[in-house]
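Take this structure first; my questions come after.
Going in written order, the chains are labelled A, B, C and D, and every chain counts its residues from 1.
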Amino acid sequence: MSRIDLNSDVGESFGRYKLGFDERLMACISSANVACGMHAGDPSVMRRTVEKALSLGVKVGAHPSYPDLQGFGRRTLDMGPDEVYEFTLYQMGALDAFLRARGSKLTHVKPHGALYNDVYKRALKGDRTYCEAIASAVKDFDPSLWVVTLAGNVTMEIYASLGLKVAGEVFADRAYNPDGSLVPRGVKGAVIEDVEAVVERVVRMVERGEVEAMDGSAIKGLSFHTICLHGDSEGAVEMAERIRKALSERGISIKSFAEP
Amino acid sequence: MSRIDLNSDVGESFGRYKLGFDERLMACISSANVACGMHAGDPSVMRRTVEKALSLGVKVGAHPSYPDLQGFGRRTLDMGPDEVYEFTLYQMGALDAFLRARGSKLTHVKPHGALYNDVYKRALKGDRTYCEAIASAVKDFDPSLWVVTLAGNVTMEIYASLGLKVAGEVFADRAYNPDGSLVPRGVKGAVIEDVEAVVERVVRMVERGEVEAMDGSAIKGLSFHTICLHGDSEGAVEMAERIRKALSERGISIKSFAEP
Amino acid sequence: MSRIDLNSDVGESFGRYKLGFDERLMACISSANVACGMHAGDPSVMRRTVEKALSLGVKVGAHPSYPDLQGFGRRTLDMGPDEVYEFTLYQMGALDAFLRARGSKLTHVKPHGALYNDVYKRALKGDRTYCEAIASAVKDFDPSLWVVTLAGNVTMEIYASLGLKVAGEVFADRAYNPDGSLVPRGVKGAVIEDVEAVVERVVRMVERGEVEAMDGSAIKGLSFHTICLHGDSEGAVEMAERIRKALSERGISIKSFAEP
Amino acid sequence: MSRIDLNSDVGESFGRYKLGFDERLMACISSANVACGMHAGDPSVMRRTVEKALSLGVKVGAHPSYPDLQGFGRRTLDMGPDEVYEFTLYQMGALDAFLRARGSKLTHVKPHGALYNDVYKRALKGDRTYCEAIASAVKDFDPSLWVVTLAGNVTMEIYASLGLKVAGEVFADRAYNPDGSLVPRGVKGAVIEDVEAVVERVVRMVERGEVEAMDGSAIKGLSFHTICLHGDSEGAVEMAERIRKALSERGISIKSFAEP
C-alpha cells in the first residue's frame, strides 16, 4: 500500500477533566473518533475537538458509546438493540452538529469501548442485532458514511452486506493470534510496549499488507484500511509521532479511507 | 388572522417515567417542541416522539435546556454564553438526527424552562449574550430555522436583527399585564384555569390579534405567531382539545408558522 | 405464622417525575425499600419518603441499584465486585443520612432490579462475588442490618454464612415452579393478575407457610419472612390494600421481620 | 499559634479521570475535604481517598456541591434552600459510609465551589437561607461536626449562633483586601504564585495570627483555624510541601481544628 489511514480516539476530556494529548495526536492521524458525551466528551470539548480536527485536515467520525460516564463506556450495559440504534443515532447527530456548524460533516462511525467489543462478540456468537442496530443508525443518518470495525471480524461482512462502506481496523500495539484474532489483554505480551517493535510492525502492515502474529508467523490476506493509535499517555503520543514519521519517510501517505 | 400555530412541549418522558399526554396533545397542535435529553427525554423517547409527530403532520422543533434532569431544566445554571451555544447546538443535532432518519428536519428551536426565561430576562437587562448564543447556534446549524420567543419581548428584535426568522409566542392560559408582560406565576390569577375563559381568550387573540390584559383592557399590536398550550395534565390536554375545536369551528386553520 | 412482613419498593419518583402511589402503599406495608438516587429517587424524594415511612411506622431499607437512571436499574451493568461493594455502601450511607436526621436508622437492604437478579443468578452459577460484595457493604456499614433476597435461593445461605440476618422474600403475584423458582416473566401466567387469587395465595402462604406452584402443587418448606407487593399502578396499590385487609381480618399482624 | 490546620480538597478524580496529586497532598495536610460524587468523586474514588486519608491520620470532611459534574460544581445552580439541605445531607451520608466502614467518622463539612461562594455571598446580602440549610444538614446529621467557612465572613457568626463549631478558613495563596475580604480572582495579583512569598505569608499568618493585605498592611484579629492549600497541579503540591516543611521547622504542629 502507498497510503494508510491512522485513527485515534480523541475528545475524551470532560468538563474540568483533561484526558489525552489530542493536539499532538491529531497532528499524526487522518481520522479522529470523537467522543459524543456518553462515555466522555461534553458539548464544549466536542466543539474544541472538532475545530482542531478540521484545522488539521483530520476527518471526524462519531465515537458512540453506552451511556456510562463513570465507567468510561468500558462496561457492558445490557441494552436492547433498539436502544443501541437510538443511542447511536443521538450521538451521531449531536457530534455532526459541530461539524455542520463549520461547514463540514461526519466521515465515519466507530463504536467505543464495550459497545465496540459487544458488537463483534455478539456477531461471533451469531447475534447480529447489535451490528444491525449500528448499521441502521448509520444508514438512516447518512448512508455514505463509513463504519470502522475489527479487521477480519464477521462484522465486516455484515456491515458490507447491509450496504455500508466498512473500514477494517488493526492495532499498532496489540499482539495477534495466527488466526487474526487479538490476543486478549490479560495475556502476557498482548500489548507491545517496545516503540521500535511497534513502528516496525506498522511499516510491515502497510508495506506488505500483513500482520505479524505472536508466534512470528505472518497473517496474510487480512483486509484492513486503518490502524488504531492511542494518545492517552505521553508514551502513546510519542509512539504515534514515531509511526507517522516512519511511514512518511517511506513515502507512505497518511490519508483517510474515505478519501479517493 | 385566518390561521394560527399552536405549540406545545412534548417528549418529556424519561426512561421508566412517563410525563404528559403527548399523543392526544400532538393531535391538537401544529408545532412540537421536543425535549433533547438535558431536562427530559432520552434517545428512545425522542425517537418515538419524532415518529408520532411526523405521522400527525406536526412540525418538530428542538427544545434545548440547561443540563439539569433532576430540576427539569427549571433552575438557572450559571453557564457562560459559549456553553449556551455549545449545549444548544448539541441538543439540536441530537434531535435532528431522529428527523433526518425519517427524511425530515427541524423546523424551529424554542429554549426550555429556565433557559427560555434567562434569555429574555438577560436581554431585558441589556445582556444580549445568551440571546446571541442561541442565535449563533441556530444560524450555524441551519439559518432557515425559526426561533420561538416571548411575544413583545426585546429578544424578538435581537433575533431578527441577527437574521433569524422569529415566532412570537403568547400563552393561552397566562394573565398579561397591560404593557404586554406576563403576570408572574406567584400572583393570584396569573394562571387562568377556567376552560371557557381560556378558549374565549384564544379566539379573541386569533380573530382580533389582541390579548386581554388582567385589568380587562386590550393589548393591541402584540406581534405573535404561535400560542403555547400545555399537556402535562388531564385538564391541560382537555383544554388543548377544546381550543383546537373552537378554532376549527371558526374556520381558523391550525398551521405552523413555518408553513407558507 | 401469626405475623408477616410486607415489603415494597418506594421513593422511585425523580425530580418532576412522579412514580407510584407511595402514600397509599406505605399504609399497607411494614418494610419500605427506598430508592437511593441511582436508578430512581433524588435527595428531595428520599427525604419525603423517609419522613412519610417513619410517620407510618414503616421500617426503611436501602434499595441500592446499578447507576442507571435512564434504564431504571433494570439493565445489567458489568461492574466488578469492588464496584458493587462501593456503590452499595454509597447508597446505604446516602439514605441512612435522612433516617439519622430523624433519629432513626436503616433496618434492611434489598438490591434493586438487575442488581437483585444478578446477585442470585451469579450465585446460582457458582459466582458468589456479587453476593459477597453486598454482604461486605452491609456488614461494614452495620452488621445488625437484614438483607432481603429471593426465598429458597442459594444467596440465603451465603448471606447467613457471612454472618448476616437474611429475610427470604416471596412474591404475592408471581407464579412459582414446583421447585420453588420463579416462573420467568415471559411465560404465560407468570404474573397473576386476578386480585382474589392473589389474596388467597398470600393468605395461604402466611397461614400454612406454603406457596402454591403453577401446577397446583404446594411448595413446602420454603423459608420466607416477607412478601413483596407492588404499588406502581392503581391496580397494584388496590391489590396491596386488599391483601392488608385480608391478613388483618384473619388476625395476622403485618410486622417487619426485624421486629422481635 | 503553636499549631494550625491545613485543609485541601481531595478525591476529585472521577472514573477514568485522574485529578490532583492526592497522595502527596494528603501527606502535608491535617484535614481533607473529600468530594461526594456531585461535582467530582465516585464511590470507588471515595473509598480509596478515605482509606488513604485514614492511613495518614488525616481528618476527613465532606465536600458537598451542587449536582454539576460537567461544571465541576463551579457554576451557581439556583436551588431552593430545602434542596441545599437535602443534597448536603445526601452527600454527607454517602461519604460517611466509607468512614464508618473503616471504624471512623466525618470530622467536618466544607461546601464546594459555587455552593461555598453562594452560601457566604447570600449571607452578605442578608439572605441566610443557604447558610441555615447547610447548618441544619450538619446538625441533623451530627451536631458535633465542624463547618468550614470563609474567615471573617458573617457566616461564621451565623453557624456559631446555630450551635455549630465553626472553623474560619484563610487561603495561603490568595491576596486580601485590607478589610479582610478576598481580592476577586479577576484582579491582577489576586493569586500569589511566588512560592517563597506564599510560604512567608503562611508563616506570618500562623506565628502572628495576621494576614498581610495587598497594600502591605496587616489584617489583625481575623479569626481563622485552617489554611486552605491546593493540589491540583505539580506546582501546587510542591507549594504545599514547602509550607508543611516551613511550619514544621518552626515547631508549629499541623493538626486538625477538631483535635483537642
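As a working rule, contacts are C-beta pairs under 8 Å (C-beta built on N, C-alpha and C of every residue); 3 or more make two chains touch, one makes a residue touch a chain.
Being a predicted model, the structure only gives us computed values, none of them experimental.
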For this session: Weigh B-D against A-B on C-beta contact pairs and write down the one with more.
Result: A-B
For this session: Taking C-D as the reference interface, identify its repeat among A-B, A-D or B-C, namely the pair sharing over half of the contact pairs by residue number.
Result: A-B
Exercise. Per the centroid of Cα atoms for each chain, what is the distance between chain B and chain D, given in Å?
Worked result: 43
Exercise. Roughly how far is chain A from chain B, going centre to centre by Cα mean, in whole Å?
Worked result: 40
Exercise. Which positions in chain C touch two or more other chains at once?
Worked result: 70-71
Exercise. What residues of chain A sit close enough to touch chain B in their complex?
Worked result: 37, 43-44, 46-47, 82-83, 86-87, 89-98, 100-102, 137, 140-142
Seminar exercise, completed: Listed in rising order, chain C residues that touch chain B in their complex are 14-17, 19, 40, 42, 69-72, 74
For this session: Sort out for me which residues of chain A touch chain C in the complex.
Result: 67-68, 70-71, 75-79, 114
